[in-house]
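These are the structures in question, set out in turn.
Shared chain: chain A. Partners: chain B in the first complex, chain C in the second.
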Partner chain A sequence: MSETLTASPWLDSSEKPYIQIENVTKKFGDFTAIDNLKLDIYKNEFFSLLGPSGCGKTTLLRMLAGFEKITDGRILLDGEDISEIPPHLRPINMMFQSYALFPHMTVEKNIAFGLKQDNLPESEIKQRVEEMLELVELTDFAKRKPNQLSGGQSQRVALARSLAKRPKLLLLDEPLGALDKRLREQTQFELMDIQEKLEVTFVIVTHDQEEAMTVSSRIGVMDSGNLVQVATPTEIYEAPINKDVADFIGDVNILQGVYKGQNEVGTQLQSEDSNSIVFATQEVDASPGDKMWFAIRPEKLEISKKKPSDDHNILRGKIEDIAYGGSFSTYHVRLQNGRILKAIRANRERTEEHHLTWEDEVYLQWAPHSAVVLLS
Partner chain B sequence: MKKFGNFNIAALVIGFSFLYIPIILLILFSFNESRLVTVWGGFSTKWYGELMQNQGIKDAAWVTIKVAFVSSTVATILGTIAGLVMTRFGNFRGRTLFSGMIYAPMVMPEVIIGLSTLLMFVALAVDRGVFTVTLAHITFSMCYVAVVIQSRMSSYDDSITEAALDLGCTPFRTFILITLPIILPAVISGWLLSFTLSLDDLVIASFTSGPGSTTLPMKIYSMVRLGVTPEINAVSTILVGLVTLGVISASIIGRRQKQNIIKV
Partner chain C sequence: MKNKQKIPGPFKSLLSGRFAVIAIPYVWLLSFFLLPFIFVLKISLAEPIMAIPPYTALLNWGDSWLPSIQASLDSYLFLFSDSLYIKAYLSSLKIAIISTILTLIIGYSIAYSVARAPSRWRGILLMLVILPFWTSFLIRVYAWIGILKTEGLLNLALMTIGLIDKPLIIMNTDLAVYIGIVYSYLPFMILPLYANLEKMDMSLLEAAADLGCRPFKTFWTVTVPLSLPGILAGCFLVFIPVMGEFVIPDLLGGSETLMIGKVLWTEFFYNRDWPVASAVAIILLALLVVPIMLYQRSQEKAIS
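Here is the complex of A and B:
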């Protein structure tokens, strides 16, 4: 991994952001698609905009590309205000969700198209096209037309075409949406490799949270036209800011209750889901009686038939469903009050000694530092 | 392949006979040796030869082709622009009115179009001739091109245009280099359609033509009033051939384009 990626420029206050989205608002008639959004993206970042459909992530991307006019606010690229610059004059390229290959041109001509618009000499165009074809491993397909390519190949042509001009910033709109799972995973790694090799800033829009987690340096979770949380994948997963983010990214068990106070272990929650005392090490600013939630990821719940020796952070229930996933199994455990929690256990042994099966009475336990305390 | 039942075969035969027997008879009798239209006197192509001697018909044919060529070309340009506006500019103010006005000539009786254009030319004191016929033909055939283009554009992926802009191509160059080549088959079939429409129009041409601008359908019509001759059959056969060719090429181009879309 290159140095620029391991560093975290967003933590360094002396670092200048590469893209500055300043209080941008976008309205379509009465509908507000983007609501006073602020975001800084740094050079060489692989930034994901993640959110449910209709949250405004694609609109934001299209404003960066110049296809949507900003209603209010401005966007700076490398310190320069680009809000009023039409798309064909921006040093930004985009990879479209539909790939948008030119159907009447060969792969080669598709890739060369952007370079020809810059009036580069023929020899340089040729060399760069070859470079790009090599990068996406499509040298043998140079003379093919788009309708003779598979989905994965079209995707790579689209990527090569958008990278050919060596843009300062590459926007990717659901770039892997049309690929099947295996190809998607493989392509995610290719994308990361290419991004590191070419040192281009990537902004990607996706609704696939796994994809966002895999590829990104940071993720911006969006909802109804604004950013809910901007953080690294680990932070988003391990320290979500509220229930919505916790729920949107990965699976999560949420215990509801009221704040009881702090003790030597940490925050104490009185929950209707558990008879035992529930702790989390995280300290919060709340007063007794305040509503709060504990978010615990399924893989952080220990599931066993044996009663744990501790007396805190324990839930009792019955296994209602088991989803065998090969490397791990997901257990759906119904608590005494009827709620269902999910617990994930890695299948480390081929024949399970402590075999768990349907209708087994089990204990769920977790470490105090495994739960996230959420106030909203 | 599904087998046709007896009823279906009968329905097809009767239907097609109803449509095509008159035309087949016309073509057949254009190769008749005899001067009498209803009596078969053996095979001959002499009437086609005779046709070549008839200056009146040759003049009319030349006028028709000139009018059809110019009017279909202009109608294609205007119709393409109209079709693009209808599909590319979203719901602009007055869109319904605009589309209604574009498509009105399709449902308007030809007599009305002919009469109203005639009145306009009279009011503007324009001398009627090849020019006025051409203008009138542009007016009524433009809407057909607009329909063809609009239906093509409904399956056109707008992000292709955006991709070209994104790669640094100006909007105008994008149209020339990307949009136009992709919709070219639709443009050509629109042109062929308006060409054939102009070729066989009688009503509107009758209203808007003047001395020296008699089109072929008008010429045939006036000749028929003096009695049907094998010569008319011959010239009509040529006309039928041209129109068929135009319609068939338009549909072949249209189908090939559809296949391309499916493949993409």
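Here is the complex of A and C:
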């Protein structure tokens, strides 16, 4: 999460949104790619559109850039309706997934391209190009052609080119998709630094939930042409609004069951996975007999061979698989009814005294406040 | 493997499959380009005589062990002494350049619209470009006579709709030659341009628009520079054969249409001066080697 946003403008009703997407619909023939979507994005936000492929996130981004005509609704930028403005007149720049660097121009000329369109004086163009090259640490590569650059370098040239015009809004379409994991992680931090330094509003499209969690001020989770949930990364992870969001963001164990009512501990669930009733602190508006789900993140499931002293929320099972991840291990535990739950435990000790191994009978337990109650 | 080791060094490479593959184009070029070229070169250095064949032998065996060489540069000198030949070369050059430019303009717009057409239409449109090849080139040029002549289809149509009172004189002029050449060579321009424009990354055009470039300017700053290999290929495919074109100026052109291909024909069949005709051909080839080499270099650049 971006550290710059000490305030949360989306919580302040007096704050004016910078980008207003008002009831936007986009149809391709009979297919509705975006369905009556509403979204406000605030100045200097690093907003992520996250969702599976085909959910409409790229279409939404392309509508912001002006490459797709809006079927219905409108988009405002800083109070001005930009729906009918062609892409070359919008104060918005985009970083393309393929980078779309001009292969016949040097790095320098690529970065200068946008500035030349504004008929800026040569000296200013030169100075801005140098600034941008410094920003992305590519000063030594100014005279290279795109085909002489590595993937990471191309990515930085594309970023420099899209930032050179100091756009009001920068759109990034899967900007790190083509980079390997290590470079991607490093670049995520660079992106955040640059965003902070230049104070540009970023809207990024990604299908990589980890990336969205790392860089964003807020995330909009999309599915079949609409936003399912818009919230900060922490909220999305810790308080997903439904099973789909919980499942899409990170790993999750979902216990299905029937609502039994409230007691002093909290919401009671008669789960198919447990012989006894399980609890969650969160209170819900439901009536007994309603279908309900508990979502529990794997790292919030305690796993041990010893029976826990507290007898709430206990499930029994057998370790079927172990994924050793170095700093932590993920245990796949098969319950008595055959379902598999995942539990993560940090590997705090080098030689584990209470070492867990395959076929071990274990107890899984969670604190009532660790489970999220979902009604859909 | 064991068998191979028994073969002595020099034969091993001869027998390897790789050698055979490389040999095919060399053998082809040797027998169908280099050998005929040497014959023509030889004839160009001979003198014309009334005989069969109608030129003197290059090597005279006589009585001595070594043959005496009887070469003369008379044919070449003759080409420079008569301004007709230089004029014909220049006129061919002019016609080739103008018709290449015309073909490029028309071909580019066709290739561009085919490449940007919906993908289900592209195959059909491309087919229509290639379709005329099904008919003989000669017949297609003859057909133009029917269209362009004084009482031809074009004049008839224009007079019927009342655009003109008197028929236009197009047949047997340079204009008819240009029409014939542009028509005949258009597919050679369209195909390489289409191949190039079709694979162009559309996101580059979007990137240009995104950076504030107007569509027309994008065409000149992005599309055209990136299609340069296609433009060069198309231009050379048109320019080189048009330089030596004979059929079109002969059928559609008038008596004042001067092209080196026609001169060559006249020397060969009317004057029966094989050495001069060969010299004309050798010089034409020498002139064309320059653009051919330029073309090759552009191809190498495109590959790298």
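Heads up, the rule we're going with is that the second predicted complex is superposed on the first by the 372 of 376 C-alpha atoms of A that agree within 3 Å, B and C clash if a C-alpha of one lies under 4 Å from a C-alpha of the other, contacts with A are read in each partner's own complex, and residues count from 1 in each chain.
We adopt the following convention: a residue touches a chain if its C-beta (ideal position, glycine included) is under 8 Å from a C-beta of that chain, and two chains touch if they have at least 3 such contacts.
Keep in mind the model is a prediction, meaning the values are calculated, not measured.
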Could you check whether chain B and chain C clash or fit when both are placed on chain A?
clash
Looking at the overlay, what does A:289 touch: chain B (first), chain C (second), both, or neither?
neither
For A:79 in the superposed arrangement: first (chain B), second (chain C), both or neither?
neither
Could you tell me if A:118 is touching chain B, chain C, both of them or neither one (first, second, both, neither)?
both
After the superposition on A, what does A:146 contact: first (chain B), second (chain C), both or neither?
first
So, does A:29 touch the first partner chain B, the second partner chain C, both, or neither?
neither
So, does A:94 touch the first partner chain B, the second partner chain C, both, or neither?
both
Partner chain(s) touched by A:165 [first = chain B, second = chain C, both, neither]
both
Clash-bearing segment of chain C relative to chain B, given 6-14, 60-68 or 168-176:
168-176
So chain A touches chain B in one structure and chain C in the other; where do those two contact lists coincide?
65, 67, 86-89, 92-94, 96-98, 100-104, 113-114, 117-118, 161-162, 165
Chain B residues within the chain A interface of the complex:
157, 159-160, 162-171, 173-174, 178, 181-182, 260, 263-264
Note which residues of chain A are touching chain C in the complex, please.
65-67, 86-89, 92-94, 96-98, 100-104, 113-114, 117-118, 161-162, 165
What part of chain C is in contact with chain A in the complex they form?
201, 203-204, 206-215, 217, 222, 225-226, 228
So in the complex, the part of chain A that touches chain B is made up of which residues?
65, 67, 86-89, 92-94, 96-98, 100-104, 113-114, 117-118, 146-147, 161-162, 165
